[in-house]
């Protein structure tokens, strides 16, 4: 299944070199203003073309097949489709026997028995995230007061990201990166203890983005080296503001009204021009492989907005669930001091 | 909601000082041998009493209310209950106005409007994880060939864990820790690309354990500083073995048959004896708070088995889904080379 | 799985002669008044003892293991348990080889491979519906303005129900019945077209009650013999009232604000004292069977409140989903004339 | 939401006069042969053109956007799209104030606040069932051994269906119908007691088809008038065959291996040429309405295959769940006599 959500639901479909990729986005309230142009800004952030990104350029014009009428959401499932256009025929069949290191070629064969569409990595392609970005745009419409700030903190361990990506690219190689997402303006009270914690749901959504190796909130892995007296966030004001934010805005799985802070470790792109050795399952011996085609030197450059979209989708779902709780039957306003 | 899973489903309930905590575990095949003793080993790993853990000691005798007959699972929902016994009346009501730093007191008020059971942190208590461990025991029965190895790599940044926990404990403080989970013997082909990736589902389950701040797979955050030529795992044998395991056993969201490797950052326990300053929402001014009661110096000591249980639950669910695919209609064995 | 619901979720567990039966009820808002006495009225309606019902009498005292504090819901999962007390040891093992006609003995063996608890029909027992009734009580609390009217229209094809049940009972037999459920005071706008239609979700919940053979709305099966000009309900007032109610209060899967009208066909109880012939799977020949024990002459007598509970659960879930839509972001009140 | 299923999942989207209608079909095993031609037979059964059906004729050529490669399913989500072509501009806006009796116009306004696409009934149109039929085709592929027989038993209460539909059509009216679905060759052991009963899941899916007013299994509503000694089905052979089939092939919510028998009551089409009176919400007075356009005289003629598709979808989902149970860990074959 490639579906996520309770009240705000997203399902992704498509293969990189098939007819199209896209998404079903369900659970939007009716009556929200929507035009295809609304998707442009985030899709542009995801688009290739900049230095260090693949040269495959798709127009990425979203086609809205359903769920919109006269410029407003109808409240029924919205299907958005991106036609695949810049498809170059290539021979991917050899990766069935000579799986690319770091790619899903081998795992996909175990999972799909050799029937997955191999062209351009098929359903494993980063291209499928176009639908995810479209869903993120809808999610942000729902989260009207939230402000997202997404930053690539470093790549290849360096702050000068442009330089390190260029060097790797020239060397036929790629670099990983560290991405930080901050969200202000969220209501407190989103999420649940245990399985529907904000951290857990967000992590599930963030790991959906190809190339993610780690997710941390607030102090994150540094908290493993801290004492409680350092890590605890003292409250300092009547609105719940804390003096520091080691929790990243979440206590007990629930937002506390402070800034939500998440960091994501992105691996270096698996596809590199440099020759690599790997096993040849046809000959039963080691072999050498150079992955041809159009590569990203640092997938985080394009994936940052995808991470932001994934996070927004989860938060929109939790926001809708919170709205169901707003209408209290006993006349007390929710969240008031007892 | 406090529920997770598709075919193997777990729902947790209970409050720390209410009548009981427990879990519904659904989706077990019928006919699996099961006695209450089967839970003893893992529940003992979770039990308090060792140096650096709380002195609240519960017998943790699981009561099986349903789903078992004559020592075998019936295939219907299994309800396991742990009665709360070592409950000491204490005044938790003041935390409504003076929320403990690092605790869910304040976030819970936003979420539940002041109606959550505050005694012993109520539904936010680590005690609720007893049901999670019970579910993990059932999950491991399902994963008959899997071997779990869970290790606390370090606490407070030190390898000598005993010493660092003791020092913090004596100082009325607590320390965080880094926990590593390794699983051998899993089948390849578990999981899906995108939303049902092994990493995403596992991370959701791991963040359900109170105190988790970060989750990483394989090289994890180190991958953000690596080049593709370093991070990619070359295949080196016909069984899919890789020369290194920077992917942690997962490619494209799907297990590749290599060891599954996850690391989890646990924060230091929030409850510390040392005095802390925080906001008093009743007086509208800063105040001083010392959390009384029975504390853990390092929650990872008891939480390690809970993390392992969470991971097992996810893997058992994916294993059942994989079994549904085993029975192929075209006569080809799944996973065979095309 | 034995679970249902999106925002208001119910999971049933238990076996008739095991330690207990019960339910997890999740998704209740916090702060709703709740005492064990609140369950008494509906549980009494479900209780045995009247003429024509089984003589197995259980105290049916609900034990609330979680989710309640100081007489109010906490907003966390509520676990309600009914201990089994009036359990009489009997030999049910022979039904493994000599399955009772109309019972689930044979189907259960196909489903659970012979491991289901056979005592008192195990998880197939009507006793499991005690938890369902408890969930229905919570659902009706959520549906504060709704009024349920449930009537047994006829039994064995007769309006004088008392007489027909007595005659069947004396003859060691049982009779079926027709039950009508009416709900007033529901909001319009509940439900969705297609898979989440009010009729579809309600029917799923109603067929969960053991012994249901058919479900119809409004004109029901009679509509199959009507013309459109007869069956269509003309609107006759500004509040949406219709002149007749052949649709049973639902158009396009969505409540229209008129009375919800559902009728349910209940089969005669399968367990009868009269001798029946059936196949003996051990001897491989026809055999004679008389089902011993405590029987219901007409299951509808006790099942009527269970049907009502099932319907209430579905409507409560849809009500919570509607509340999530109430908080509109564009300032327009929902449902206003455009 | 417009989604259904656990392992075999279907989501419908689209509006009657928008760009397209379609479905996402997820959970198919990989490697199953599939061409667009496979959909032709069932789509033709659903197509208009016969006497008594609408004259709107769509080519209904399914476009497979994803999930297929080289004539086989890939195992990833399959998106099938039907472009809307025979769209005639018409003024549907007046139905906002003058809702058609029997239609969803009024209920939709309560649900979607006036933002639903009104053209050709938008997302409420029977046209959306094209995607449902496509999903049914996939479901039947999964249920390789099942044989479906679907019959219109009567229309307008008459067996001579052709004649009664013609008469109603000429009179500018419509007639309801009774449809019977029979499925042979299903495995026993599908389904669960209570919420996931075969009857409940099937009923939910059948009520998803626009115009269904009632669903019954086996003896159905007649069982309400029977005695247990009449209604119980005696087993008569070692393979579980019963002498009669009053249960319709399901005991305790689980298939028993006998023929599955379901009957569905379809209402007469709401759209009729004859003038009808109804409320005018703009003038606040009664008004007269004649629904223009292309009508069906008996929706069952085209809906029969849609009902069959809905049923197949549910059974395919249950079949996949049963496959997950086939691989038993204790070496016993499932369903063997204990």
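We just call them A, B, C and D in the order they show up, numbering each chain from 1.
Throughout what follows, a residue touches a chain if its C-beta (ideal position, glycine included) is under 8 Å from a C-beta of that chain, and two chains touch if they have at least 3 such contacts.
This is a predicted model, so every value here is computed, not measured.
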Partner chains shared by chain B and chain C (touch criterion as defined above): A, D
Pair with more cross-chain C-beta pairs in contact, given A-D and B-D: A-D
Centre-of-Cα separation between chain B and chain A, whole angstrom: 24
Distance from the mean Cα position of chain D to that of chain B, given in whole angstrom: 42
Chain A and chain D, separation of their C-alpha mean positions in angstrom: 36
Sequence positions of chain C contacting 2 or more other chains: 1-3, 6, 12, 31, 76, 111, 113-115, 123, 193, 328, 332
Complex contacts: residues of chain A adjacent to chain D: 1-3, 9, 11-15, 18-22, 24, 26-27, 30-31, 63-69, 72-79, 81, 111-117, 119, 122-123
Of all residues in chain D, those that touch chain C in their complex: 1-4, 6, 10, 12, 96-97, 99, 101-111, 113-115, 123-124, 128, 132, 154-157, 168, 173-178, 187-197, 199-201, 203-208, 210, 212-238, 240, 242, 246-248, 250-257, 265-272, 274, 276-279, 281, 284, 286, 328, 332-338
Partner chain D, residues of chain B touching it in the complex: 6-7, 29, 31-33, 75-76, 141-142, 144, 193, 320-321, 323-330, 332
